[in-house]
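See structure below.
To keep things simple, chains are lettered A, B and C as they appear, and every chain counts its residues starting from 1.
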């Protein structure tokens, strides 16, 4: 069995957005009991991560860490057509994930207790982000 | 065809643990000749990597590099409930993988000659780590 | 339905190689309308990324950034049998991807407009690189 769905999210600038609920709902709608849920973001300046879902300071620290690791407007960058966050966003995407695959067990998204699914917007401005969900199994 | 199996590993603190044998065995037990083996770790402070499997100094260097890239107790971190390695473990997980997908060819795990599958414990203490294996194919 | 294919690429040293066309062709040959295309590189010193496909300076900046993040011949490294780029190549691989999974929609590789698929050679010398493509769906 196979189920596909396109999701669209509006971001309000750089940061992490919890999309666990939307993915969990897609899995429940698919009617697939055992298998894999594949989530794919169709952009090169936003990514997907699994992250601790309880304490918001984890994601604050993560954002602060990443901003230091990949500096906006780094003097190394030649690609800056869309501003100092442009090339940084591409690198932040490549250092994280464009897709996640999560097991489905007994019709449920089989995440660990502390795992949440987050869209990570790397651009400083608002964007529309498309995610393709593909669920395969029995 | 679909096969699922839960594996549980005990770690004795930070470092890499070779789990290639357990994954290879799961594939052989599944009786699936062609397809994909998906391995998913249900935690946010331990991850999965494919790494060179022959010279142990590769993994020593990798551990040393990662300890310098993501410093325990970095003054940037506000999330430190469980000690200086707490937030560092979350970031190390996000910079590596929570899941791996490996092709199956003629009933075998189709890794390259030098590729091994490793669980990477990022916490300094011992932990129990759950891994969900899902194998799909023909 | 399941389709597998082995691809082999010759690299001419460190840098990114656009393999979108070869993957797109494999998907078209598979005759699978909806599903997932899984791409797996069987090496520990070359990796796969999705990257902006239009402006070549993006990949120049990416290469420059990675060369600074993971320094060839870092004094930390004990593993240097094959030269100063040996251990750096392993780390660069682990910080990026050994596999990519891309949705298939209406028989087409469902990438975003600006996404290209690149093989990233991390060794300074030429290499032959094997990639296993597995396509599953309906």
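Keep in mind that, in the parts below, a residue touches a chain if its C-beta (ideal position, glycine included) is under 8 Å from a C-beta of that chain, and two chains touch if they have at least 3 such contacts.
Source: prediction; values computed, not measured.
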| Is it true that over half of the residue numbers where subunit B touches subunit C are used by both copies, so same, or is it different? | different
| Fitting the CA atoms of subunit A to subunit B, what rotation angle results, rounded to the nearest 5 degrees? | 120
| Using CA atom averages as chain centres, what separation in Å is found between subunit B and subunit C? | 20
| query | Mind pulling the subunit C residues that touch 2 or more other chains? | reply | 69, 95, 97, 101, 136
| note | As the complex stands, subunit C meets subunit A at residues 34-36, 49-52, 55, 57-58, 60-62, 64-65, 68-69, 95-97, 100-103, 105, 110-115, 136-138
| Footprint of subunit A on subunit B - complex, ascending | 2, 4, 38, 40-44, 69-70, 74, 76-79, 81, 87, 90-91, 93-95, 97-99, 101, 130, 132, 134, 136
